[in-house]
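As written, the chain order gives the labels A, B, C, D and E, with residue 1 at the start of each chain.
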Amino acid sequence: MTKWPDQMDYLSLGKRVRLHRMMYEHGPGNGKLLILPIDQGLEHGPVDFFPHPLCEDPDFQFRLAAEGGYSGIALHLGLAEKYAAKYAGKVPIVLKINGKTRIPPANQPVSPMTASVEDAVRIGADAVGYTLYVGSPGQYDDFNQFRQVKRDADRYGMPVIMWAYPRGEAIDKKGGRDSVFAVDYAARVACELGADVVKLNVPIDDPKKRSQERPPYDKLELSYNERVRKVVKSAGKTLVLFSGGSMMGDDDLIKRAKACLDEGAAGLIFGRNLWQREWADALKITEKLKQMMLES
Amino acid sequence: MTKWPDQMDYLSLGKRVRLHRMMYEHGPGNGKLLILPIDQGLEHGPVDFFPHPLCEDPDFQFRLAAEGGYSGIALHLGLAEKYAAKYAGKVPIVLKINGKTRIPPANQPVSPMTASVEDAVRIGADAVGYTLYVGSPGQYDDFNQFRQVKRDADRYGMPVIMWAYPRGEAIDKKGGRDSVFAVDYAARVACELGADVVKLNVPIDDPKKRSQERPPYDKLELSYNERVRKVVKSAGKTLVLFSGGSMMGDDDLIKRAKACLDEGAAGLIFGRNLWQREWADALKITEKLKQMMLES
Amino acid sequence: MTKWPDQMDYLSLGKRVRLHRMMYEHGPGNGKLLILPIDQGLEHGPVDFFPHPLCEDPDFQFRLAAEGGYSGIALHLGLAEKYAAKYAGKVPIVLKINGKTRIPPANQPVSPMTASVEDAVRIGADAVGYTLYVGSPGQYDDFNQFRQVKRDADRYGMPVIMWAYPRGEAIDKKGGRDSVFAVDYAARVACELGADVVKLNVPIDDPKKRSQERPPYDKLELSYNERVRKVVKSAGKTLVLFSGGSMMGDDDLIKRAKACLDEGAAGLIFGRNLWQREWADALKITEKLKQMMLES
Amino acid sequence: MTKWPDQMDYLSLGKRVRLHRMMYEHGPGNGKLLILPIDQGLEHGPVDFFPHPLCEDPDFQFRLAAEGGYSGIALHLGLAEKYAAKYAGKVPIVLKINGKTRIPPANQPVSPMTASVEDAVRIGADAVGYTLYVGSPGQYDDFNQFRQVKRDADRYGMPVIMWAYPRGEAIDKKGGRDSVFAVDYAARVACELGADVVKLNVPIDDPKKRSQERPPYDKLELSYNERVRKVVKSAGKTLVLFSGGSMMGDDDLIKRAKACLDEGAAGLIFGRNLWQREWADALKITEKLKQMMLES
Amino acid sequence: MTKWPDQMDYLSLGKRVRLHRMMYEHGPGNGKLLILPIDQGLEHGPVDFFPHPLCEDPDFQFRLAAEGGYSGIALHLGLAEKYAAKYAGKVPIVLKINGKTRIPPANQPVSPMTASVEDAVRIGADAVGYTLYVGSPGQYDDFNQFRQVKRDADRYGMPVIMWAYPRGEAIDKKGGRDSVFAVDYAARVACELGADVVKLNVPIDDPKKRSQERPPYDKLELSYNERVRKVVKSAGKTLVLFSGGSMMGDDDLIKRAKACLDEGAAGLIFGRNLWQREWADALKITEKLKQMMLES
């Protein structure tokens, strides 16, 4: 029988049932999560599909998620309604319920709602995804909006994955959105506000910006693994997913992903690094990742 | 028996019943849509009626829609309540449920609600129309407002046609509202947010502004047909309607309209190009359009 | 039996019953409307009562409306509750449900709610009055607020009279609030948003400002009667009331009022021009107006 | 049997029952109102208690109201809940349901809600008090907020006392918050918006500022009594309470108070002038006031 | 039998039951409160855990609260859900229901909601904590938000502890957030708005800033004990908790804490001063504090 992690004993029955599907019935199957996100068309626009035009059709990602055996696919309601039926039951859905284009100036970001927890229940999703901009001047509205999502999610037993993204001028002045200070704070915020899972970027240690960070972060010199470990610890009992960012070589990808799992991450959420590849190549790297995850 | 397009198998029963009326029982009758919009009196003011004063009376457009055999007429609640009764059952109604005058400065556009999905149900409309300003600084309110419209539309089985219009300073700086970049992004937004049908303008390729567009759009040189094909593809399973804009010659009109249908558009939404004409002329061009659509 | 105007066949039963009272059981009695407004104390302050101090007591206007036989009296909830009981059934009430003082700068005007449609039902009013500032930067909130009023009015069968007032910097730059352009647009907005009756000011043709108007209005040279006819036509099936503005001589008043009716107006809404007069004089001019209306 | 004032015949049964308690069963007993306000701790801070430290304990004011036989005590929910139980039934409560500190800049004042009409019902209050800032740039929110208070008050039969305070830059430019223009307008606003009772300050005639007032107020030269009479008349059927402001000598106090009653005021609302005194002195001046009121 | 303080006789049954648990069944047990807050991870970020890394795991504070025998632990919903189950029934929970990060500029602070009173009921908390920023330009929203919290708390019998923090530019100009003026006003606000318990900082008397305070505070020279006494008195029947602020020596801590209790405080809420210590040290100082509280 699969071992349910102690740190998640606090979860309600509905949340456990849904997360169990993603953690043990799909993906690597050992409790680790491998999520394929396809919300970039909204967040970045169709530009992300230029390197590999076939991937503009969301069916490509659904097929990859199904045949590659991912833990879930993360996307907005429109794509779910239009493309998921063919894969019903074969790929767990993480319904992103807020999002935005990146066209208007992002100086006070709050991500508007594009769907509700009820929509997630209605379409049979196994989790909702919410983007919270930690440190943004729009924090007041963002926290209040998240609280209502969490209230509904608790009511329906729907797990909440928080995309915890540092943003805003104050963040930029303190080392930037990928600084250890920023990501570490974001991890704690996710834990305190009651996310069940948090998606973080692995922080970067940029010696040129380090002195701008809030003390004592300005004196921290941490290796890649140490940075991952630091933010995983700040997230406490909240499961941590790390993202992949833009394309990189296979060895690098596997190596960095492994470091995340070694340091306590619950899984990975890789998008462009996977679906910007040709079909065969995308399946191959998926297999490598899953193998590595099974061995971690 | 008529062939319902595969790409729309995802639709709920109520939406299918209503769209079926517009696609097969009215208009060309082969699944293509020819919509007559009469919301310009609100959006532009009575100036649009100066070239042909008879058309100021909305009965003119209703009569044209009925005798010309359009798939539907798109308008605001006030006009529907006051002028539609005589044509009940003869012309499907697309109820525009948001709109605005163009008098106040448009630097942060969100279009306020003028009616609700419930109103559309109450007056027997077959679809609602919602204008979303893609890229506008008012995006937060616009997305949230649209989400509630979509929630109600899903509840009542009412198809949603999104007028997806790029707007705002950031759009102006990146090639303008009719650039391929802007319209292409708008098409994808409509798809991801869950519109059933999207109304787009055919993008313009202005060599002088091309370099302002976000890469790699700044390097794209596309013909008229290629531009149509590009944005139809970005809309995915969302049906695409193209608009006509201001008056042009008949041959040009038919030629451009045909190109849209050839490249995958589901239909046309032509207003001023049709009702700014004398009665006989308006009927004649309507027939030509429908004939062309039947042959496409 | 009285002839109900064809253009209003679209109205629901409740609205017909209520308008019938104002159009045929009160006022001239031939379907024309003569309304006495007494909302100036809120909109302008007590200054409007200085020329004739007796009229500061709202009983003066109620008595004038009752003895003069007006179609209705338009006022805010506080005055209705405090002064109407004595005249219950003798004077139809038009409950103004939004309004404001003119003290704070009017650069972004939206008129806040002072009562609800439910209040109008509760106090036995026969219509509600709503002020919409066409062209104001506050248009988004104003439209949304009006939509809710209209929703409730439709639910309760309560006629809606829209005070359609052009306002805001953009209006000022395009010929001003009384330009043909501005009033003509306002008339159409009232029609499209679903007002049953619209109150307009007769536009002014100021040759000095004409060139500022939006083309082709900048080329229009219209007589008084033509201006009235133009905006009545833009209002379509919406009944039009014209207002009187500040005091003028009797002959002028009658002559201008007659022109309005000749060109299609449904009635008049005259306040200061009537109640700033001595009692006998006010009754006399009322009689003259009604006589003229009966002959129109 | 007591004579209920004709001007208040319009009131609903619940409002009459409650006002009756304050007008005839407490206070002078002849229909006149003497209210003791103790909301200064919130509005001004504890500074108002420095002249007489004993009065910082709200029990001081409750005891004064009970033993002095006031018509009511006006205060916020926190004080009512914590200090009123001991005096239940002995002192009618006017629950102030909005209020604010004066710390942040007051350039756009709207007073936030601190309780609801339901709270007033629940604690057995006989009226609610609402502060409306006439002329403030925040007028839109203020009117809308007041309307909801009035709606609830009408539903529950709870009398509404409006603290009608002119405020804002536009007021400052037109002679200031205590000018005849400002207070006169405030009186009319209270009447039109539907307050049952209005609290006003006696306007000041400052010859230096008079010319700033809106014509024809800039030409008015009115005595103290005439100013009181003017604003009482503008309030119409709304009962008027005048406030005391800061401390003054006994003779002055009585003389000014008498003038208010002589000119038609329904009562007085005196705070600091009463409770900033020693116990015996406070009781004595209370008796003098009540005696004067009985003789008026 | 324990003596319930007279000043709290006003409380509803539900609030008494819950406060009784914290006052007599946990903590010192004599009616005094010793609360351990662990909301710093959200408010300050993980920086507060650097001096003593073990305390980053919230289990550390829960264990300290349980073994040290605190009256309660104050924290946000996420931490409560994830870490409290093991200590269910052993440590009363004060659920902080609003909070924020300190990253974005704090020029208009209102603290967004992170949970609701219903959440507190659901997780078995014995009180809710709400941060109100007294004097902030965001006062309008803050008061309105608090009022709704209070309404729900009254409905459910849930005690409300207000963190009453002076903030904002106007406060900075009048002697700062720790001035006697600011804290004294905050104490009164908590009392008038209806908090059951208020958390205050002991005011500082900084001779350099004293002259900036609002008169007559600018002339006050008060000792530590006098300052505590002053603000406890301004809080009236509201129970007062004093906070500890950043680390200090044991003797100082006990001495200052004792002064608070001597001058009427109901208890202490000490966070970093306690859990930034090693385990044995933290337990030891806890015992000393409780011993002192029992002797007070």
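Following the convention adopted for this analysis, a residue touches a chain if its C-beta (ideal position, glycine included) is under 8 Å from a C-beta of that chain, and two chains touch if they have at least 3 such contacts.
In this text the structure is predicted, and so the values were computed from the model without any measurement.
**Student:** If each hop has to land on a touching chain, what is the smallest number of hops from subunit A to subunit D?
**Tutor:** Steps on the shortest route: 2.
**Student:** Chain by chain, through touching neighbours only, how many steps does the shortest route from subunit B to subunit D take?
**Tutor:** Minimal hop count between subunit B and subunit D: 2.
**Student:** Does the subunit D and subunit E pair touch with the same residues on each side or with different residues, judged by whether over half of the numbers are shared?
**Tutor:** Since fewer than half of the residue numbers are used by both chains, the interface counts as different.
**Student:** Cα superposition of subunit B onto subunit C: how big is the rotation, rounded to the nearest 5°?
**Tutor:** Result for this pair is 70 degrees.
**Student:** List the centre-to-centre spacing of subunit A and subunit C in whole Å, with centres computed as mean CA coordinates.
**Tutor:** Roughly 58 Å separates the two chain centres.
**Student:** What is the distance, in whole Å, between the centres of subunit A and subunit E, each centre taken as the mean of its C-alpha atoms?
**Tutor:** 36
**Student:** Would you give the residues of subunit D that are in contact with at least 2 other chains, written as numbers and ranges?
**Tutor:** Answer for subunit D, listing residues that touch two or more other chains: there are none.
**Student:** Select the category (line, ring, star, complete, other) that matches the graph of chains linked by touching.
**Tutor:** If you draw each chain as a dot and join those that touch, you get a single closed ring.
**Student:** Hey, which residues of subunit A end up touching subunit E in the complex?
**Tutor:** 9-10, 134-137, 139-144, 147, 150-151, 166, 168, 170-171, 174, 181, 184-185, 187-195, 214-217, 233-234, 236-238
**Student:** Quick check: in the complex, which residue numbers of subunit A touch subunit B?
**Tutor:** Interface residues on the subunit A side: 39, 41-42, 45-47, 50, 56-58, 75-79, 81-83, 85, 99-101, 103-105, 110, 112-116, 119.
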